[in-house]
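What follows is chain A paired twice: with chain B in the first complex and chain C in the second.
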Partner chain A sequence: MNQRYFREWTVAGAFGLLMLSLLIFAPHFFQGQPLLSRVTSQMPALLAAIGITLVIVSRQIDISVGAQFSLCAVIAGLTASAGLPLGVAIGAAVGAGALMGALNGWLVAYLGLPSIVVTLATMVTWQEALRLWQQGRLIGLPDGVQWFGLGQASGQMLVIGFTAGVLIFSAWGMRNLAAGRFVYATGTDAEAARLAGIDPKRTTFGVFVLMGVLAGLAAVLNLVQSAQIQPNSGDGLELKIIAAAVVGGVAIQGGRGTLWGVLPGMLLLANVNPALTHFHQPPYWEKAIQGMVILLAVVADGLRTRKSSN
Partner chain B sequence: MRALKGVSFELVPGEVHALLGENGAGKSTLIKVITGAHQPDGGTLEVGGVEVPGLSPSRARELGIACIYQQPALFPDLTVAENIGLRLKKPGLFSRVRWAGQRGRAAELLKRIGAEISPDAEVRSLSMPEQQLVEIACALGSGARIVIMDEPTASLTQKEQHLLFAVVRDLRASGVGVVYISHRLEEIFALADRVTVLRDGESVGTNPVNDLTESQMIQLMVGREVSALYPPAEGEPGEVVLSLENVGCSGSGVRGVNLEVRAGEIVGLAGLVGAGRTELARVLFGITPGDEGTMRLLGERVAISDPREAISLGIAYVPEDRRKHGVILEMPIAHNMTMAIHRKLFRGGMLRFGAEESLAVNFIRDLGIKAWGPAAPGGSLSGGNQQKVSVARWLATKPKLLILDEPTQGVDVGAKSEIHRIIRGLAKEGLAVLMISSDLPEVLGMSDRVGVMRGGELVKVMERSEADAATVMAAALGTGGTSGKEAA
Partner chain C sequence: MTATRGKFTQIVARHESVLLLVIVFEVVLFSMLGRNFLSESNVSNIFRHSVEIGLLALVMTPVILTGGIDLSVGSLVGLCAVVFGILVKESGMSPLAAGMIAVALGTFGGAMNAGLITRLKLPPLIVTLGTFSLFRGLAEAFTKGSESYSGFSDSFLALGNGSVAGLPTQLWIFFAVAAGVWVLVHRTTLGRSFRAIGYAPEGARYAGIPVERNISLAYVLSGAVAGLAAVILVARLGEARANAGVGYELLAITAVVLGGTSIFGGSGTIAGTLLGYLAVALLNNGLGRIISYKIFDQPVSSVARELSGMLTGLLLLGALAATVLAKSLATRRARAQTSPNPKPQTNP
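Now for the complex of A and B:
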């Protein structure tokens, strides 16, 4: 068991170490309101990371997540600014995400196309369509949208609470629902799964739809944090969450990984920048350090698998 | 498991030496030793009278040993000339490729073997026999002194075979030693000078081809007593569980199969590798759905187009290669065992670990699986125990028909007889069992009836009492009742 969750523990340990050193050398990092704001701003990406974890465990990849996120955000923003109730805007974003995910899923699962190519194509398509359509316009949001009209403190709690709820349910479901087992089985050996009566195509399709839904929800949680929305708000999101999954121990070749590794992986990468600021270091190092963390994680994996196969 | 023990084999220049043996007799392993792919752990290997210790594939090539496999190992995206050029000379990293010379050399080699193939054709666009000819051109061009051909005619038409035979004779005339492996006895009579028979990893004799008749060769291949003790059949078989009328599948070459399997009965399916046995199993299980004939389960006509349908109708299929698409090595054995019964065991989609564990514990006890517990990953078990996990997965579905494909392949002797006991026990409980096996004693020892397949057809079905090694082998080779005819 220890061996099995080794990665989850090491990443959590690394994150804990970072927090501990901040606590000792830069305790102002933990000041109430700024900390709460930082945590809240990471919640949309965390939601998307849940989706990508499922996608990668089922031995696929989705690099169109950022574009889906942007498109969902714009759709929700336009719906809200047209004066429709917030619920409709949320529904529109989630529905758009589900549709985009379903398209990816259908192409990958039922036409058997490689997911990297499919999602590269849909990524570019959504991005460019958005650019032509919106031409870089900012969308101002009506008053009732920010923090769901609840005020900052309770809005933040709602965002964090909702994300935590989805995270806990997903982590529980991956382990305790038959559907979760199907995802692992499909990712490890789709043919063996098929022979055992599991439908790997439907599983793959479902995972992509879920990814789209989560991208839509993430866009909504991002939307409520600001007064206006940019048409490219999701740029780079896919790399951020894939990196978090990899650092969190999700095997890129599928079949292995838990959300309990992805959570600290996500937090570790996201806190590089604020930690640098609080240690009074130039923030330019952020990407380089993140890159090194990813590399370290992969190298550690490589060494471990090599040792166990010898 | 030792694949080879004390094999003696000798090849002289200018001869075609046939290598004959059942599936798993050690032919492939012997080839691997000769080509340096495997290191023997005993004995010596001499090429041209000089002992070569620690032969590696590249050293074997330098010594002039070339092997033409059933599946040509060419680069599909390169042209014929580029493929031949790559094989002839190991180029330095920065050496210039002399295109014109390479092309000319390729054309010349192809002409020498009478192949009408353009050197500029992409290998991808060539047919299987054309690719084999390219392989032969490579072997020829590299100045091979020893050419090994592993079932080269398996995918050839009659006309292409004759062309190949001419090339082989040509090679022989030019002083090359040819090791020729084939299941087709008539080819061996037509082509070979001497024949060495392998059985159970041992060479049982080398003879000039003309000294032997077909039946003598078969006798040499199978000539062994059914030594292991097999659990006996008891009682009369019950109702017909599976009935096939003219079942076929054009996609996988299964044709016109008529067969009945009754409750409590074990029907063994013998045949050579590639005879269509696994293909038939895949038709029955809906992996490659059949498109001809009628299949009945307990009298009801069924058309199965998907494994899930097969499972819900009570068919279970334990596939041939348990490492590939069988037991998932990364998963705990408990998860492996419940993989096919999620809908039954976990109503509402929520896993119940208690139910899963008790099911696993029961199977571990009943089948005698050696593992430290239900949470042990599949990969931590021995081959025989993995096989039992695979069987457990399917028993959990409570099937009526159990199809086993090579149930004891790669399993050690002790586990083997245990698996035999389990299979017989299941039949006694009323399961209809269809067992595919390339292990002839196993088929003969376990089966109540024996079916033999060849070329996608079920050519013979025998009662246990009338089945013996020689008749089964003769049917599998397609020489039944005509022994010696072609030899004359």
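Now for the complex of A and C:
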């Protein structure tokens, strides 16, 4: 048991160490309101990380998440600033995400194309289409959008509560729902899953749609945290969440990983940049550190599988 | 009847023929809509501005032939460009020596990918995604996020902006690399082994091919040429900065896949890659020449980068879908006509 969740515990331990050293050397990291804002601002990425976990467990990858996120945010922002109610804006964002996810899912599941190339292509298509359409314009949001019109304190609680709810439900569902087991089975061995009566194509398609829906929801949770939205709000999100999943012990070969590893993985990586600031280190090392952490996690996986196969 | 139709579909389904049509279509379209598209200076610009992508596409071909992928080349271009800039401007090194170090650094980056992929048996996708982030991150860290290096000597800048015998200087380097890669892929046992490995890695191993070593060579070559492309890019732009080569991996992969190389590995040609590169390069340049048409209230030429990026993505998706649909159509027809024993698919 201990061996089985070794990775989850290691990551949680690393995150604990980072927090502990911050507590000792930079205690102002833990000031109430800034800390709460920081946690709230990390929730959208966590929501997207749930989606990418499902995608990777089913032995696929989706690098168009960031582009989907940006496009959903712009669609929601434009809908809201056109005077339509917030519910419609949320629906538009989620719908757009579901459609983009469905396109990826169709190409990957039913045409059998490799997800890396498909999502590379859709990523650049959405990203450039968005640039073409918006030319980098900021979208000002009307009153009543920020914090869902509830005020900051309750808005933050709603964002954190919603994300926690989705996280707990997904973690439970991946373990206990038939659909959750289908994802693991498809990722472990699609052919065996098919022989066992699971439809791996439908499962893969569903996973990509869910990824799109979560990207849309994440975009909304990000949108409500500010008074205006940039058209490139999702840039680099895909790397952040893939890194979180890989660091959290989700096997890139599919079939293995839990959200209880991804959560500390996400928190660890998301706090690299704030931690650098609080340790008075220059922030431009963030991406390099991110890359090194991904590679370290991957190398650890490789060494472990090599040891177990010998 | 069936025989002629079979032959006809064979010719049409050959990527090179379809691609030639696309290229002819692009040339006709852009020379009608664009300003001075076929003028001598623009034709040499088409190549001058895209040689780096052509170089990366050439060496991406062996990598994809083995069934792998290298997402890190664009970032490696950025890292090598920045290191080159630092060596020349801060350490006062000669461009030649710094260029050699940049190529060595690229080789080292490729070797790092190769080592992780073959020694630890990790999927190329995740390894190169990690180095994609690492190399770009190092480039940003070395330039403290915003510094750039410029003011190189004229003799060095001539590499990117001068001409030799009427052609852009860097085009000659491209020809040399293209010839070398063509010989490697089509005229050596090593090149043949790339396809064998991509088609069936286990089979290749049983046939006595040193699979790990040969895969490593493909990634090392990719890294070395990324270093070379970085030097050429700096010479053309006159500036080395951390965002050099952003998105080049996509353009290179697009050129290779458009050129008919199977993304699952095992089949493909350098000639196809060259045509694929030409199609991408024409699109990039041609859209920038269209001044009299507007899209979203902007002249096409001013949003050419976004538009061509979007179309490149769609083109890649279309090419992929077309390959798969053509293949499944062919299998279905073959199954209906002859034996009830279809060839197993090699999809992972």
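Everything below uses one rule, namely that the second predicted complex is superposed on the first by the 310 of 310 C-alpha atoms of A that agree within 3 Å, B and C clash if a C-alpha of one lies under 4 Å from a C-alpha of the other, contacts with A are read in each partner's own complex, and residues count from 1 in each chain.
Basically, contacts are C-beta pairs under 8 Å (C-beta built on N, C-alpha and C of every residue); 3 or more make two chains touch, one makes a residue touch a chain.
Everything numeric here is computed off the predicted structure, so don't read it as measured data.
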Touching partner for A:Ile289 - first (chain B), second (chain C), both, neither: second
First (chain B), second (chain C), both or neither touched by A:Leu177: first
Chain B versus chain C as contact partner of A:Ile116, first or second or both or neither: second
Which superposed partner A:Val299 touches (first chain B, second chain C, both, neither): second
First, second, both or neither for A:Val246, with chain B first and chain C second: second
Touch count on chain A, higher of chain B and chain C: C
Overlap of chain C and chain B interfaces on chain A (superposed complexes): none
For the chain B and chain A complex, residues of the former touching the latter: 285, 287, 307-308, 311-312, 317, 319, 324-328, 330-331, 335, 339-340, 342-343, 346, 349-351, 393
In the complex, chain A residues that touch chain B: 175-182, 184-185, 188-189, 191-199, 255-256
Complex contact set, residues of chain A against chain C: 61, 63, 107, 111-114, 116-118, 120-125, 127-129, 131-133, 135, 239, 242-243, 246, 252-253, 282-292, 294-295, 298-299, 301-303, 305-306
Of all residues in chain C, those that touch chain A in their complex: 69, 71, 116, 120-123, 125-127, 129-138, 140-141, 144-145, 247, 250, 253-254, 257, 263-264, 295-296, 298, 303, 305-307, 309-310, 312-314, 316-317, 320-321, 324-325, 345, 347-348
